[in-house]
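Take a look at the structures below.
Below are two complexes that have chain A in common, paired first with chain B and then with chain C.
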Partner chain A sequence: MIKVEGVNKKFDGFQALQDLDLNVKKGSIYGLVGTNGAGKTTIIKHVTGVLLQDTGTIEIEGEPVYENIGIKSRMGYIPDDLFFFSPYNIRESSRFFKSVYPNWNEERYEQMVKRFDLSEKGKLSKFSKGMQKQAAFILTMSSMPEYLILDEPIDGLDPIIRKLVWKYVIEDVAERDMTVLVSSHNLREMEGICDSIGILSKGRMMIERDLDELKSDIHKIQVAFESKPDGAYQGLNVLHQENRGTVDLLIVRNKREVVEDIIKKNKPLVFDLLPLSLEEIFIYELGGGDSEIESIIF
Partner chain B sequence: MKSKASSFSVSLPLIIENLKRLWAIPALGFLVYFFSGPFPVIMSYKNINFMAGYIEMSLHNLQPFYMMVHLFLPVSAAVMLFRYLQSTGSTAVMHSMPFTRGNLFTSNYLTGLILTALPILANGLILLLISKPAYYQWGYAASLGTSAVDVFTKMEVVNWMGTSLLIVAVLYSIAVFAAIVTGNSIMHFLVSYYFIFLIPLLYVVFNVYFQQYLFGFDMSGSWVERALSISPYTGILQGGGYFSAHEVLFYFGTIALMTVAGAWLYTRRKLERATDALTFEFVKPVISYVVAFLGMTMLGFYFLVMGQGESYMYAGFIAGSLIFFIIGTMVVEKSPRIFNRKGYTNFLIYSAVAVLFVTSLRLDFIGFENRVPEAESVEWAEFYFPVDRLSYDGKYIEDGNLHDPENIAALASFHRSIVSDKQYFKGELAGLKTSMFRLTYQSTSRFPMSRQYRIDYESYRDSPDLKTIFESAEYKESRSFFHSSVEKYVEVYVHSDHVRGFNGEYGEYADVNEPISDQKTIDELMALLEKDYQAMTYEELVSLKPSVASIELQFDYAKDVHQDWASSSRGYQYFRLPASFANTLAWLEERGYVETLTADRVQWIEINQPKQIDYDDKEKMTAVVGDRPMLKITDKDQIQKVLDHYDGEPINYDTAYEIIIAYDNEQGYAYGYLNYGLNFLN
Partner chain C sequence: MFQLDLKSRTSIYEQIVDNIKELILSGVLRAEDKLPSVRELSKTLTVNPNTTQKAYRELEYQGFVYTVSGLGTFVAERVAEKIDPKRLEELKEEAGRLVRELLFLGLGEREIRALFEDVLLERGVLS
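Moving on, here comes the complex of A and B:
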């Protein structure tokens, strides 16, 4: 697992990371969300061993990452700002990756190149940004990483390629127990893929949760009573309440059974328990007033 | 799981990858080396002596194309190899790969060494294969066998390879160090050359200041050699193609220092500073302050030349400091936003240091000007006086220094007399005949102490200390014609200054005598020369009386001297024969080699007002003749008086009377000065 504890980092007086904790379970996909400048790329560069934190610890499987060749050889990293040796095509790059990464899988490389339909002869520096992302993805995935770190991975990719990328990622997580840390500034994108979510704001971890747990504990309900008794919602842990005529709309954080027991006890005329999107969960979870959160969601 | 890369202290895959992608750098370097070196030699291979000068120039690294490649190849290699450090994407990718920073540094560093060494090694191998004797003839060589040098030996090629490798290795290690402290490729390129030439450049600048402010500062001393030797690139120029053992050690030390410092800084480099101008704070003042200092110097001395006096120079200092501090700071901060508290503070610090520097020189805080060593503490002293018999031809003396305590004491005493009268010597000495005097003292415990002064003629003519030195046995022996360095004299040419029948123009050579090559005759002549020289007084040595003839002496070096340090087996001396060499002159006159100028040969002498003749303008000078002389003498008695009194040079150009002597029916002219007025004519 990836474990980040109490990490601080300053850039020329600017506090980029502040007492940051982050935990990625083995075999999970962790979505790191935040606005531009929140510190996503900075913490990713620490996790990949590029930068050294001022204080705190960053460990993978209990070992510090920084200057750790053993860990780095099992890690794949696709940055937002891609880099290839300028005169190289993807075939030449693959030879370099093959010589550097011990788990290189040539068969997978051949198969992925065909699947993504990329030219092996064209110079990578002449590729479009989307094609460069695909090339980086092929090279990284062919090195068979146990830890995959993706920084804004699907920017510039069309929907079909996006789907293909996520397919490979999910397959490897399922088949090889690969651990994935993926950053994005878009919550909607993360919802369908991630097991856990961490929201960063101004270098701090605002919230870090398991997505299923989060979803199972927060509910949107519509309730109408013939005559609403006093204290009808007592014990529900209401995060948000709206009144639409005779119908009340509530967002509550509690176990489904507890919610049903409390509401049904007063014999409602209408009682609907609706699913929440990740966006809605974070709006209500964090009070909705935080402009940082709003900008992530909307 | 063990990583492939961790098996090596350097990453072989990375080195191989670097070599594969950057092969064009050594290929280009090789082509320039080849087409400017071996190729023209091969073209003239049958007549290789014709190319000897070019071969020597190339193998001594004085050939411009070689020096151009030496300069650009290592820096280009470093810029290309470490370019990944200069952008955020490449930095992140390379450092996330299974390498430590140490792996990356050593692998890229070694790749660069290979890239820069390959073209030199390949070119060197070709030169070794085609090397064959190529004789470069120089000096007054009479025959090829004795005075020509084979410049295309295998040893010379190996020396070229060694010196070239050392040059590029030093420059490369500096460029790698620059890569670590800079944040973008343009700055990397510029800072590399900045560091490469910083020390020699600062040396020049400090010399300018010391010369301006410190009376006696010796610019031509061993400091020059040391400063040039700091960089092998300039060191090879002053070393004539060779490095001394000390220099080689120093350059290896430089490589080690730059490499260790670069590696150490790499591990501490903040990678997030990629794209910044500089990545370490400590480098910023090194650049901004030095740029300000160089700008201050440039404008200050420019104003001094253009303006009138020191106040202009100080105005230039202020303007230069301000302008170049702003430029330097903007460059290192990569921003025009420098007008803030930090910027003002830095400028105040710089200004304080600059004021302290200039004031300390102006007031001579360290007591440089008055320092004269105690004679007892001096092991030996070296001196350069223009009145030395061997001012120009002293190469055959390996050690002509003063060791005699009495002479060292006399030299220190002369030095003290200059210092005690420094206000006079610091003046412009306008119009006076002056000469540069250079003194160096070597004590057992310190670096050599050198001073250089411009002294007017009468001051050194009348010095009892110089008389002591120049008439001492030590001095006479070291300048003896029969010095131990000389095996034997083999040929003598005598040129009379006023040879009869010569009707050449002013300044042309009256070369009508046959050379003397009979050994017995030469030995006879040399014995007389030596006798006259040993009897010569200091007053005769410094006399401005015109010489009678000049003598060129060709000799063979003593065998051990030739083997030890002389570049050829044949040596050469030139000597102007003064009128005081009575024995020699009588011998030469008797055999018709020399004709003295006597009144009966002279038709007339014109005496001109001081400064009337412009010797720089030949036409104007001719126009003056017979046009505006203040006096024209035709009386033989008067003519003889002038011939007895006139000098070859003016002591004071403002007061000396210039004379033109027409002789041999106006076919010959002689020129001179009457330095002590015309009263003797009465």
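Moving on, here comes the complex of A and C:
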């Protein structure tokens, strides 16, 4: 269990994190999403104990993370900006990982190198970006982490390797109850993998919820009436509305049953209710009111 | 066993529920058949185990499966009174919508009636 409470961080007067709370349950896959510069990497660097917060607490299993070797040895972290000792190949790097991580699994390392088909001879620093990510993933997963923290893990990977990466992650969550915190801009892929979602904006946590709950709360509806009665949409909690001919398109935040009751009362000719994708939720929650963004999307 | 559509608007958990229901209703899975464990299914589908777990719980709640702790999840014998009235309403509405569309396409009473009778015959409700 990862628990972040009221964390503040300033860099040279710039408020990077503001009263940030974040909770990851054990065995959960938590997706951290947010616009560029929202503070995703910053909070990840705090959760991994790379940076120290100004105020607030960051605890894993009730212990503060910063300088906590016991916790860190059970944590795997793949940063967005990878680092390798420049003369090392992956085999040499694995010896370093083995010396640091007590749960290192040699068998898994061998098996993963074969699966990913990576050269054990080439210097890691000479690898392409995608191959470096794979190498980092193999090394991290072979250390058998209980907490896996991934910053943009699939960025730059081809679809086949991405699938393989998720397979390993899922397997460890299923078999060992591993806890995962992952940040990404690829919302479609996050939607298939995560069970909880945290949406960050400007250093604050906007929404933190179970993904299915989040999705069951917000809907896209298309309605047409023979003649639209006054106040047909009263009580719907409309986030966005536009007309396409006689059909109205609305984004509403409400329970499905409530929406259906209100709309059906007036005998609509057409009534479609669709769940929103995570991508759409992200846009409505973060781009709401910004007409420039809206005009691109609709 | 089945495939998921990641592009679909339907959530993964609902897709799992729907797919397994479909397998049960079509007779591919019979009463007392064992379902794959949450771990197995999660790994085959590359789906978050928590999501699979939730889908199994929903199926259990709807009466399609039952779980024996330590042994696994099994397909339940169908019991009529367990039908969710809301779901029933939804399906009736859906059927009505399809009939209206068939009428719009120009099908007559006899053709539509035959369509229903075919399904009833296939299921052995009508002989």
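Rule of thumb we're sticking to: the second predicted complex is superposed on the first by the 279 of 298 C-alpha atoms of A that agree within 3 Å, B and C clash if a C-alpha of one lies under 4 Å from a C-alpha of the other, contacts with A are read in each partner's own complex, and residues count from 1 in each chain.
FYI, a residue touches a chain if its C-beta (ideal position, glycine included) is under 8 Å from a C-beta of that chain, and two chains touch if they have at least 3 such contacts.
Predicted model, so just to flag it, every value in this text is computed and none were measured.
In the superposed model, A:Phe116 lies in contact with neither chain B nor chain C. Once chain A of one complex is fitted onto chain A of the other, the partner contacts of A:Asp195 are limited to chain C, with no touch recorded for chain B. In the superposition on chain A, contact is made by A:Tyr101 with chain B only, not with chain C.
Touch criterion met: A:Pro79 reaches chain B, while chain C stays clear of it. Applying the stated contact rule after C-alpha superposition, one finds that A:Ile170 touches chain C and leaves chain B untouched.
Of the two partner chains placed around the shared chain by superposition, chain C is the only one that A:Ser28 touches, whereas chain B remains out of contact.
Once chain A of one complex is fitted onto chain A of the other, the partner contacts of A:Phe271 are absent, as it touches neither chain B nor chain C. Overlaid on A, the two complexes show chain B and chain C touching no common residue of chain A. Against chain A, the residues of chain B that register as touching in their complex are 1-6, 11, 13-14, 16-17, 21, 84, 87-101, 103, 271-272. Residue ranges of chain A in contact with chain C, taken from their complex: 27-29, 163, 166-167, 170-171, 173-175, 188-189, 191-195, 211-212, 215, 274-277. Residue ranges of chain A in contact with chain B, taken from their complex: 11, 45, 48-51, 67, 69-70, 72-75, 77, 79, 81-83, 85-88, 96, 99-103, 149.
Taken together, the chain C residues at the contact with chain A in this complex read 4, 6-7, 9-13, 38-39, 42-43, 46-51, 54.
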